[in-house]
């Protein structure tokens, strides 16, 4: 028992689920939100301690390797900061009566469940378990998106739910196919789904089955990643749900799904006869990038705007991993981390802005830097970051992706650059409207917690200029794993 | 000793252009009058005018600034320097290398720049008319002039007037189409630059037609004298430019001695006289053109210059 | 003594000042402190750059920043030192000017933090020695200047200008990024040292050159990529406009020179034709646009476009000569270009300072509302006059010296073997001459309408001379313009190590030519002596003045101007900027701007005033940019339907994707 | 004996595909529900058969779930909902039934082609089963996208899921099958509850008819 409690892997799963159970019972939002923050913090610490303890030999269910530890740490960190943010955010929602204490309790519990589900999906060594975890994560987020119970919210949740379920179904079929491919080689039973076993025997699998499997998995988990044309649920879910959830969706859930795709990409890469997954990813990545870039121009709801920018960046990341090679993979990983941090920071800012201005309509928000300097400049910094301007982190990644792509395949670089510049224009246009010009809307001071936002932005800023050598070595190793 | 001689020669040239300039103006007027069957004023009339102007008091517009008062001296000085850098009776003078043809053009340009500013200084509409038309003409005349420089410089392999002149007397010039074109273009530019008919009428005072006169309308007394003198020096400059570029015969070179200088001087005066007569005749036979015909006139000069350059390449390559 | 370390330390100081500014921007002393720090840092960096000219062996330094496995490489060689000097000269003078000018800033919080950052960015670009650091600093520079353009963000036009500016900037950055992608190769050898070793195929060479021409050109303001420049430069506070116009465009030129002459190994002759063509067109169009402006700062911005054109003409010539191995001529052309870079940074900063002074004194940028300032602000107007004379290439000032060198380089063209170049270069020379002449016309207008004549507005009547700092900065620059004009030989010799390191050839040493005159190729071909011309003019002017005042009259009577019989003419009867430019507009405008004049003359007995107005069209904008915007717009509108599909349709999309992929599997595998 | 085992499994699987076609053909809701019940029943038979031949007792649970939950409970519940909400009895199709059928045939062909590339090392049973399962899944999706009624789309989703279960059970010794089927039953329960909760009448897209008149998110 004690062994389990000391085992960080167990901890990052047990703490959230336990906290969820407790939070579901406790009344009073001050206490609950504090508790939620505490739990998230402990989870984060547990995740960090993964670096210290030598991971045990992977069991048939759980696994920690260099790839997913990056995700886990990122996941728990953003989970923590978001819980801090939601403490102040939800308090405000409670004041204006958008939420009742009951829903609040529900919210915090669900939040922890979500963290649990995502952590589980990340550390699962079993593709079946991973699937279950991701479905769980989907269901919890569905419930959270619908939490305001406005028609728009319910509608968004419904759309998310239906599309998500179909995606999940496809993913499951893919999983079954993988098992079928593995079964003749590794024998019947659990082994056929254990990741570590699969990856080492994959060379002998039936490649045709793997191809079909990958198609289903790509579409299934790709729906979660929000790659066009499977993205439909994403903007509405972001726009109608509570902002912390938008932050978590963009910052984490998309990554988790992407992580799943990456796992199976590695699997396919291991099999000589199978199709190269790269071109598929590149195509979907470019499609998402360019599609989202154009969609940015017509957005009137600020949260939808940034939801589409998430699609755009997922496109870039998918593109990078699709290109493969040490540079592109490194850039892809880094870009994913940067995007999580930045996008959640932006949603923190947007959440408070929406609360202050009492609207999410871009047209009704203006001149923030003049009225709310902290929020305004924070937002500006964040948008400049996702627009890929230095000295913020994403400049480096985009630099690596574009330059290496152009050197290897110019014809792919052109649409990439096109999409980037178009998206840039749209984001900048909206930023000008939001942060500058004659102020519009309420100028009441914001009761906001700036710490999470600026913590994220600070990290992004530092990463843009200086990356500590161990981290780099780590990423390079992971990049080499991704092949 | 040679140094002193050089200084003397240079000083002589400066004095020469200063003295000869009004004479040339007077001469041209005289010839025109004669051709119009008038007696006309004496050839020395310009000197008298200058003298009288200098003795007069200056009537200065109330809101004229310091620039307005400095400009006449500036223009005079710049034109004088420019004029004395063009070989007149002798080439290769002491300081002739201080500025090549391009620099001389630019010097005239700066004179015009300040004159145009002076035109705007008082803030009457006449000054405005004058300046704006002047710069319009200049903006075409200067490039035309530079395009004329190209063929010359390319033929002679130098933009240094003395060298060009020496090259022109040397046998290996030959007869070249491009030089002919350049000559015509240069004459057209010279007419425009000096505000002679058909571009401008130096003796008009009808507001709508005047250009140069409009700019200097507010000037009086010694200031006007300076400007008049500068104007006539400019005319002289262009004539001597034509002379030393296209008929450089009899031109002495630095240090050939007094005799050669004397020959050069006489030949130079002869060229001036010929040029003056031709100018007068030309002014009589053509009519002044509308201001907005001028661009076409100068555009033609510009094209001739460019054509000259291109033809030059052809003839060189042959 | 590691000079590059010194320079980087200065950069660190600047960045520190930026951070400090964020904290203290609310205080009164803030601007003094920040600009003081900038002044100190830039001066030290300037000193470092100048010292480096003495010993010209490149010094490098690597910091553990930027790309982790590469590190941030910095290198101070002759070229970098030259541009470092230009940058910091501009920076120092701007800071000095701002010590006074900055006091009038209504929103110091939006200027103070970004000004030092901007300076730092420009310094770093010049020092950077690997592609990543270079581009990072390049884009950082754009970003900082964007924030400065955005400083007065409540003005609609500024926001628009800033938007167009940053989009164009990052467009350029992407172009450069692609260029470096080609140079670095697939395995990402981003260090300039590695790139120098590498050898490019002709295709790669052409690609890189084209991309750099676009990338650097969009920042420098080459037509047709110039559209942002006349919008953004005037929008910023004047000392920033001075930096953007006078210095940042030079950093762009630096980028081009660095890649085209240093990183690339040689180029082809027809490539140089493209550069020449663009350069000539830019020069001529830029000045024509400038002539049509009434806004003083916008006029100056368009002149930046023109001068960049002149610089690129020089660079194009250098490429042409280099491609044909005419090294002496290459050195001449390159020197001319770099000399003009230096000169333009001087007088363009000076002119923008002047415009800023006018702006603070009258609150007006519109020339139609100015006039007569020479009487209210004598010192400013004198300095501005010097600047006008210099940019109009009037001897003996520095503008003429560099343009004269360019002409000398053009005169080397007949030795070029290719017919295309033979014919092109003189034509470009014609364009150069045209733009020089038009520039003079334009500055007669700028100075005459703004400072001469009678005040056209109350603000102009009550203007007051500006503070001491601003005047010091302006007179300092004016002095430098004169010095560089009368002693060009020293500048040319200072540029020799640069050309040596880039093309392995230099102009003949000017220091030992008699009488300090300059000789591009040989005494017999051409020579020019600014000092002598200056002395002659000064002497003969004062001589004439002395004689007359001594021996003739010096009486003087003030009287009303000749009013042609209409007493007390209103100030409206003066020539305005528009009417002054009218003849030239008639000549060129109808073709280039589709200029149309409309006269609305009321019938007799109607008391309403007659109206005359001209509409000009910016063809570049209409032909190139509006269509792009339209395409993006319509595409966005069309794609936007995907936001409003029904769930069934979305499922249909998923279904379609699935079936397609399965078909792909079934058919192609 | 082997031959017989194989044939029965094959038969059951094929019958699922057949019933999917029948579903495509339906144009009345009640009839559709009945066919779906049949579909589920067939599935449970096939699962049971698999349980028997693989002697994997846990599969009987799956079979039971399929029988009780899908073949009986859900259809009944949907009947009730249809009555309660007064949903139209006719099914609005996007394209004609015939076209849908043709598309269905094409899909079946496609799934065959895709699966036939699977090398024959994989035991033939699994291979055939997979082909059928894929066909059922695609047909289910087709049903979802070619019908306008919420209920019929739910039915489509459920038959898609039946295909999944078929595949999962067809895979010899597949772990977690029960968990999967449970998880999916939960999903389906959610869907049905959602339909009831959100008063979804005809259209799937809007959670309430009134919303159609209101502005939607962006419009």
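When the chains are written out, they are named A, B, C and D in that same order, and each has its own residue count from 1.
Throughout what follows, a residue touches a chain if its C-beta (ideal position, glycine included) is under 8 Å from a C-beta of that chain, and two chains touch if they have at least 3 such contacts.
Everything numeric in this text was worked out from a predicted model, so none of it was measured.
Contacts with subunit A and subunit D are shared by C. Chain centres here are means of the Cα atoms, and by that rule the chain farthest away from subunit C is D. Across B-C and A-C, it is B-C that has more C-beta pairs touching. With each centre defined as the average position of its C-alpha atoms, the distance from subunit B to subunit D rounds to 100 Å.
For the pair subunit A and subunit B, the distance between C-alpha centroids works out to 79 Å.
If you average the CA atoms of subunit B and of subunit C, the two centres end up 35 Å from each other. Centre-to-centre separation of subunit A and subunit C, using mean CA positions: 44 Å. In subunit B, no residue touches two or more other chains. Contact with two or more other chains is made by residues 114, 117, 141, 144, 204-205, 216-218 of subunit D. Contact with two or more other chains is made by residues 643, 647, 651, 654, 658, 662, 665, 669 of subunit C.
Chains touching one another form the pairs A-C, A-D, B-C, C-D. Of all the residues in subunit C, the ones that touch subunit D in their complex are 643-644, 646-648, 651-652, 654-655, 658-659, 662-663, 665-666, 669.
Subunit D makes touch with subunit A in their complex at residues 114-115, 117-119, 121-123, 126, 130, 133-134, 137, 141, 144, 157, 160-161, 163-164, 167-168, 171-176, 179-180, 183-184, 187, 190-191, 194, 198, 204-208, 210-211, 214, 216-218.
Across the complex, subunit A is touched by residues 64-69, 131-132, 135-137, 139-140, 143, 150, 153-154, 156, 159, 162-163, 166-167, 170-171, 174, 177-178, 180-182, 184-188, 190, 632-633, 635-637, 639-640, 642-643, 645, 647, 650-651, 653-654, 656-658, 661-662, 665, 669 of subunit C. Residues of subunit D touching subunit C in their complex: 94, 107, 110-111, 113-114, 117, 138, 141-142, 144-145, 147-148, 153, 203-205, 216-219. Residue ranges of subunit A in contact with subunit C, taken from their complex: 158-159, 162-163, 166-167, 170, 208, 211-212, 215-216, 218-219, 223, 229-230, 232-233, 235, 275, 280, 291, 294-298, 325, 327, 367, 369-370, 384, 387-391, 395-396, 399-400, 402-408, 413, 417, 420-422, 424-425, 428-429, 432, 436-438, 464-467, 469, 472, 476.
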